[in-house]
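To keep things simple, chains are lettered A, B and C as they appear, and every chain counts its residues starting from 1.
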Amino acid sequence: MGERFLMKGNEALAEAAIQAGCRHFFGYPITPQTELAAYMSKRMPKVGGTYLQAESELAAANMVLGCSSAGCRAMTSSSSPGISLKTEAISYMAGSDVPALIINVQRGGPGLGGIQPSQADYWQATKATGHGDFQILVFAPATVQEMVNLVGKAFDLGDKYRMPAMILADGMLGQMMEPVEIPDGSDLKLPEKPWATNGHQNKREHNIINSLYLTPQALEKLVKERFERYEIIKKNEQMAEEYLTEDADIIVVAYGASARVSHSAVDLARAQGIRAGLIRPITLWPFPTDALQKAAQTAKKFLCVEMSMGQMIDDVKLSINCSKPVAFYGRTGGMIPTPEEVLDEIIKLGGEK
Amino acid sequence: MAVVFEKPHALTSAPFHYCPGCTHGIIHRLVAEVIDELGVEGKTVGVSPVGCAVMNYDYFNCDMVEAPHGRAPAVATGLKRAKPDNVIFTYQGDGDLAAIGTAETVHSATRGENITVIFVNNTIYGMTGGQMAPTSLPGQVTQTTPYGRDVNTAGYPVRVCEMLSTLDGVALAQRVAVDCVKNINVAKKAIKKAFQNQIDGKGFSIVEVLSTCPTNWGLSPVEALDWLREKMIPYYPLGVYKDEEKGARLK
Amino acid sequence: MSTNYNMILAGFGGQGILFAGKVIAYAGLMEDKEISWLPSYGPEMRGGTANCSVCISDKAIGSPLVTAPNALIAMNLPSFDKFIDTVVPGGTVVVDSFLIDKKVDREDVKAFYVPATKLAEENGLKGLANIILVGKLFKELGFCSEESLYKAIEKCVPARKANMLELNKKAIKIGMEQ
């Protein structure tokens, strides 16, 4: 095991990307993700990479489109309002089967909102990261170490399935420091990308990266093929952490920062003899339906905890076909729930001692 | 039998979809001839715009990427930073380059991004059916300026080459036309220079090509060429606005 | 005995609040504890108040945002006023009494007054009042071993500022003497 050291989540995301073979970062300043870009500006020149501060989030995301089209591992990062601007390029990348990594260090919204941590972009990340029929991979780390681990995973799966991937973090995870171990990526072998527009060298037909299909039959066929791929991803790539769920009457469902709080709340409940457990989705798309369905066979009630007015709760209900009651507790606007607040909700649901 | 005229290798065999009298075809051919002459097709990647030329990824034989509207210079920046030895060009219309993509245009230029931009200015949004463009002339009737472009409400046209020539990142800013053989020859030389500049690492090079849109102007192809000469060229004078290595003025 | 420290360090931007928090966090890391460090951020960091939450625990840390600290270091009056009532009963409060002309009016917390900014000036440790206060908190709580604390300082002082190393250690010692 390598040495553990303290790193901010934002910086850990950046270093993990470099270790995952990313040599091209295109950014635009926004709180609370700025340390990520600043770290890249310091590190990229030292590893022969590119750090480019674009004129806007629109431009940055489209630079990623170009760079990924050439076959490189490219990324951009922002926070909520900036992600809205990046959705243009994300939709085009999804429609052109181009992988990329987009990081959202969420803050409160809507509009300019606030700068404190939030999870109010769940719908945007999992349902509509732009116009059109498409999905992107969405990963929700809950610790700085997991941020590191999921960056590599996001690049790998993005390349494997040829689609954009997002790390959905928040201001708390981005700003906090925790002990972390960064994998050494020096022996990394990156996959071949025969589809890339990197110059045909007079050795093959020309490659085209494109999302325009003026014949509806052709576009429908392509979108359907893409959704067949999505089904494979849903089957194979779900990730969730289950904590004390086996005998739990009440299962809290929470991701990212709110899962940390909920984990403490479950411990408090258990200390009072309440049989509570936690399911922490790690992939938000594909949503870990399997884990929830399994839990629904034994649990009596679910409590969805989010730093929003309730967005993931829809997926929780759908996953279990509303077979059990699903309650909600959330704080929004940059407020972080406390373990005691969540415990109160567990008790309100009649957690049995 | 001696071959006296043939299709450049850098063009595919796909027939162009452009309207009769539209000069996109000529400009495509000039770009393809330059790619052939410089022998760079294998390492060239083109970026298609949104607009009438959106499907030119089917026409050029090099690798192609279709960009969102206006973002071609950003996409080109990504392609170039990924593979600096490759030759990257964008092909954009006036709505794409000078309206929705103004920020990307100006900032790729001022960064001295080592790319080649072919800018086709026909003073109108062609694909969507002839709306006012940022380059529509004062008084010009379009679908969205039915009484003629009123500069008091719709403002004035953008002179792109003049504007970009003030930026130190720009190596070449030249306006040409393809209305006659003489001008076509000048245009080809300019396009070749814009590609050669990139190969030589000189910086951002843009060639603005004044073009016709007979369909949306409501003119015959011949009348359209006359309109280009009589109306457009006086507002958009042909010529070289900047021709020096990027940053030369700072030395 | 299980370790569970939830600390808040607070003061003006520029007093080294975040750095002091980082030293404490690293000290926990040296002993293989679970730790977290969370700063306040945004406009308030530009000359206004700055604070950070530090947790050291045997168990995985839930929310790194400390809302009920069992230890508080306060380096200016606004921070003192903001956080003093959030300290849990039995908690420890260390106040820079040179900058804060106010006493803790709670009976249920242990309050210590150290004129850290003045001590720093007098001992040629300008800018290290923060570390003097860390030294005092360490003396009162013993949140790690003394060795770990010095190791943490070595981790936090950049190599190019090696001369700062001894000054920081001296600041800890002065804090411990209070």
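Worth pointing out:
Keep in mind that, in the parts below, a residue touches a chain if its C-beta (ideal position, glycine included) is under 8 Å from a C-beta of that chain, and two chains touch if they have at least 3 such contacts.
Computed from a predicted structure; not experimentally measured.
When chain centres are defined as mean Cα coordinates, C lies farthest from subunit B. The chain pair sharing the most C-beta contacts is A-B.
In terms of their C-alpha centroids, the spacing between subunit A and subunit C amounts to 34 Å. For the pair subunit B and subunit C, the distance between C-alpha centroids works out to 61 Å.
Chain centres here are Cα averages; for subunit A and subunit B they lie 39 Å apart.
Put simply, subunit A touches subunit B in their complex at residues 24, 26, 50, 52, 54-56, 58-60, 62-72, 74, 88-89, 92, 96, 197-203, 206-212.
Residues of subunit A touching subunit C in their complex: 4-6, 31-32, 115-116, 171-172, 175-179, 257, 260-265, 267, 336, 338-339. By the touch criterion given at the top, residues 22, 25-26, 29, 34-39, 41-42, 59-65, 67, 155 of subunit C touch subunit A in their complex. By the touch rule above, subunit B contacts subunit A in their complex via residues 12, 41-45, 47-48, 54-55, 57-58, 60-68, 71, 74-83, 86, 103-104, 106-107.
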